[in-house]
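Listed below are the structures to be examined.
Each of the next two complexes has chain A plus one other chain: chain B in the first, chain C in the second.
== the complex of A and B ==
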């Protein structure tokens, strides 16, 4: 089964769940370790990760991860779209903490 | 997420602060939970743990500045775990015997198998401990990822996974509590040893353990190399050296060099295979070096000299494969020592063989004083093919001498062929080896003082017509080979002398098989030695050609000026081209019967060439004469000298005889020629004269009588002047004298040439320059050159300068 067809479930602290392609999820170092099938932690077994973040933050994180995957193989100068434009300043700091935690 | 920084800067007062990562639980509890989780991981229960939860614990601890507590706590947990692993898993599998026995055989059969199994079990335990540990370390690393990022790196501490490896080294491999280290190294060594002794071991287990050693690095203060390099390799190499040192001695005692070399080759391959399969390829160079150092380097000479199987025998029986193995293995010996000793041994061997060849030929040559007894067997003119074959079996000593000369050359050629083959197929045409082979050939060929003569005889034999039915290509290859031998000769001037002699005979007796081959040979010599060397040889050919042409014009001359009583064919030779003995002025009184013809030719010649002096040489001519005996008449073909002698008897009445002094007085022939001529007439196969008393040798007191009763079934009989093919001792001395004389001149000419150019020169420089310039023709001795210098000083070509030891040229 190829990675694209493999999906995992990400769950926010306030109960939102997101079905995310494994490839996108694993763009985060923390999530990658979490879902490592060899180490086989509880999350990997259940393919479900509970993230201690609000849904709105987690959504933005997933959005960024997708963006990161999309442009993974591009040269920096070829990327026209600036992700910072998509960030609502009001959540910026919280997002920053989440990013640090998730190794995004 | 670097871009979010920009967003932050644009921030407005309403920005919601990030949630304080407050820890709901106290640090102590966090740590307890985390420690339990780590233990669970180490017990393979990771699947019951939430990664997120424990990652967050680590995250919190680091954020709340408890990184050091976390870091050290984890370390302690790992140590605890490793000690447990050692006790539970490794200790029980320690091999009974401890495996610390020295190198050498470990006993065979059941015990060996037992040991192999025990070792394997122990190594498997180590391996499984390693796998458990690294497995859990990987998970611990993942869980504590945030600690590595936020604490270890920031404080310059090793990452937790590396800590795990270091701890594994300290508490398992080099454990101070348990003798794991000793057991591990010795078990590895004994596994290798068991395999060397021919037992089967599980290579994969050994491979995995050496891999562990390769993965682990010793602490920085010990050099930071891998444990394999630090702890295992030196011991391994030491053991291997001991083992192979002993094995070399054991195997050599068996006394079969070829087998030994095969074993060495196999060992080298085995060890190479071993390093690839379950040691480290980094060990290979050192190990191979060690093998060579133990199996080959100290035993080179022993292997080469091994009686019954060493180099000599390999060469004897052309064991190319063995020789090739020997060569390739010897090449591995450092500093070219292998090749050097191979070259030395080859030299010795070839020289020994050469000595045998030399001795073989000199024994068969026999006492050369009776060489003279040769004659018609060789000397027959045309149509001699069959006759000759018939006479072959009757081996006269001269024939013997000739055949031994030919045999010598043939033997040398065979030897050369043999070594050429060996060089090409076994020694890969190695240039240095070739040099040694050539040197050896040179040395033994020149050790035979008759080499130049023999070589020339061999060529003579090949170029003479009617010898053997040979095709042009055969002759061509034979000549090609002789040129190779010719290169080895140091006395090339001597060869030239003999070659000239033999060529002269071939030309004058019209015995050359083919002009083309003759010219080819001369061309070859020219290519080797340059124009000067063959100038005279070519002159001889020219003389022959001109003489043939002049024979026609002489016939025309006779038509115009009236015929002469006999058929005369004259070869006019330029004195300086031909060998001295042939053109040396031989006194000979030609009988009256021949005089008119000679005078006519003289007149004819003078009419065509003015200012040239003709000297009549009877020693190389032939004559056809009809002689009436009692029974019948025979056509005799004999040498001019023999004719001169025979004609004396024309007027001697039947029953009367002539004494030796009588004959000498009438013919004026020198003793040596006369004796030979009389021998050929009275003592050889066809005795047209009777000697009184009978006997083989001619003495001045003998008397001779015409043999009226001579009978022979053949109408045509050839009686040739005794012209021994191989020189007898006296002749050889003469040749040597002449060669020496000529050398004197050449040395002097050379000295003068050099001095004329340099004006002044030191003694040593001069000698070496002379030796160098003449080396292509012969190798002059120091004393000879010195004498010539003295001679030149006496004749005031040179003078000594004030500072003794150098000379000045006096123009």
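== the complex of A and C ==
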């Protein structure tokens, strides 16, 4: 199976699940090592990662990861879309802890 | 290089591309040098030069009775053919030489002679290296442009270096001069003459002196060459968002200061003390744009200090500088003077008529002016503002003494020509009378705010927009007619007829009697991004549906107080509908 078509499941602490392409998920350092097939973790076997964050936070993290993958090859000054417009200040702190944990 | 010579079996240095090309076409120099300077042609030139020679220094190369100017000509020639390839370098040299020569007439004559000899001898360049077959290295160099000598620092006295002009090796002395057009290369004595530099002049280092001020200017400017790929980390984004809504203290505020910063915006300065504001001006001396929000503790002393240390300030935007006394404003305005382009002040009880007179007198280049919620602003102040002809943005909302029609009419007719944005919000005395004047005198107006002008009538506003349409004025981008309680269908219809195609931000809050049919026509506004129809009591789910479906660029719709809306209100991806009553219960 090619890396591109592979999907993984991310599960939030309040029970929301997200089906995400592996490429997007692996933009996060933590998820990448969790899903590393050679490491033989439970997560890699089941292709399911449990993240101890609320669904809204995880949703925003995934949204960011997709954004990160989309612009991975762009020069910083060429990126016109500003992700900070899409972050609600109310979740910023929680999002920061999630981002720190996931190495996003 | 001559074919004769080749036939004679003489050693020949590598020729430049141009020389070979010309030789291939049969173009050859008319006169040749056997050893440098030893032709009749040159001698004639040299003889012409001799009497007008400017320098008094010892003549180094007196061989064959040739004077230094002659020798020099030969050297210049070296750079000739190859430089012809890339053109500019030689030309620049010439002009620079010319400039230097303006000092003395006789030198100028001298130069012209030289230039002439260069032209005639251009193609002889390759002859020179033949002086010694062993010097193959320098041969190559001499055939290449002067720029090919690797630039480097001046070596110690007594060591050898390659000349930046002729690429010959020479001994470095205390007098060795830098090449005038190619920094970090140095000249041998002969080339000094060639370029019109006195090789034995006192070491004044003219190029250095020229460089100094440039360096000083550039020193504080940090240029980043690093090119970053990809997006900012999510954590950093969050930190930015969190710190934006955080109160700054004198300690944390310093994190945002730096000497090369030219714009600074701080959103919550409630805790910054006057000393912190003074420190800011010292630590960010290059600021051109300054925007402080909630700067309640800003004092007159800090303002005075700003005037002294912020030498490049052009734009000042302050929200709530209550404590700044009159002299603070006066000192700042006088210090900035003609540089000031934007002066945006909201909430100040101390700005009075005299301050405004000084503002107008010392800052004639003002482009943006905001004197919102200024306690002492009145009609007399408006009369003074009439001489600010360059204004493009004017905000006089919520004047302490409500402005009257007469004063506003006089001001708008005086400075309306340039205005692009006009804000006259919260001046409860203004009536329909100002509208025809705005239509008449503001051809460039794009953004208009007449918020909370309770006296406006529906007919007056309708007539205003019909008049704009009749005059063929381009449509407005922002229209704020919030709290126009008496405005009805006629006003909205005329507004949409004029600005419907251009409006991006439309605020109709509190048009309590406007009908649903008229509101639905908003759906034709192609560029509408933000809409506020709060307290328009006739709004229904269908009105919102029409807007969401019709306006492709819509981002925000505010519907506070529209009590007919239900839970079934339509949604659209990417659009926020804010204030639906049933959502909040």
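Quick note on the criterion: the second predicted complex is superposed on the first by the 104 of 104 C-alpha atoms of A that agree within 3 Å, B and C clash if a C-alpha of one lies under 4 Å from a C-alpha of the other, contacts with A are read in each partner's own complex, and residues count from 1 in each chain.
In this text, contacts are C-beta pairs under 8 Å (C-beta built on N, C-alpha and C of every residue); 3 or more make two chains touch, one makes a residue touch a chain.
These numbers come from a predicted model, not from an experiment.
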item: Partner chain in contact with A:33 - chain B first, chain C second, else both or neither; value: first
item: Touched partner set for A:52, first chain B, second chain C, both or neither; value: first
item: First (chain B), second (chain C), both or neither touched by A:71; value: second
item: Touched partner set for A:43, first chain B, second chain C, both or neither; value: first
item: Touched partner set for A:79, first chain B, second chain C, both or neither; value: second
item: Chain A: partner with more touched residues, chain B or chain C; value: B
item: Partner chain(s) touched by A:95 [first = chain B, second = chain C, both, neither]; value: both
item: Intersection of chain A interface sets (partners chain B, chain C); value: 64, 83-84, 87, 89, 92-93, 95-96, 99, 104
item: Interface residues, chain A side, partner chain C - complex; value: 61, 64, 67-68, 71-76, 79, 83-84, 87, 89, 92-93, 95-96, 99-100, 104
item: Residues of chain B touching chain A in the complex; value: 1, 3-8, 10-12, 14-19, 21, 46-52, 55-56, 59, 138-139, 142-143, 145-146, 149
item: Touch list for chain A against partner chain B, complex; value: 29-30, 33-34, 36, 38-45, 49-52, 64, 82-84, 87-97, 99, 101, 103-104
item: Residue ranges of chain C in contact with chain A within the complex; value: 227-235, 237-242, 244-245
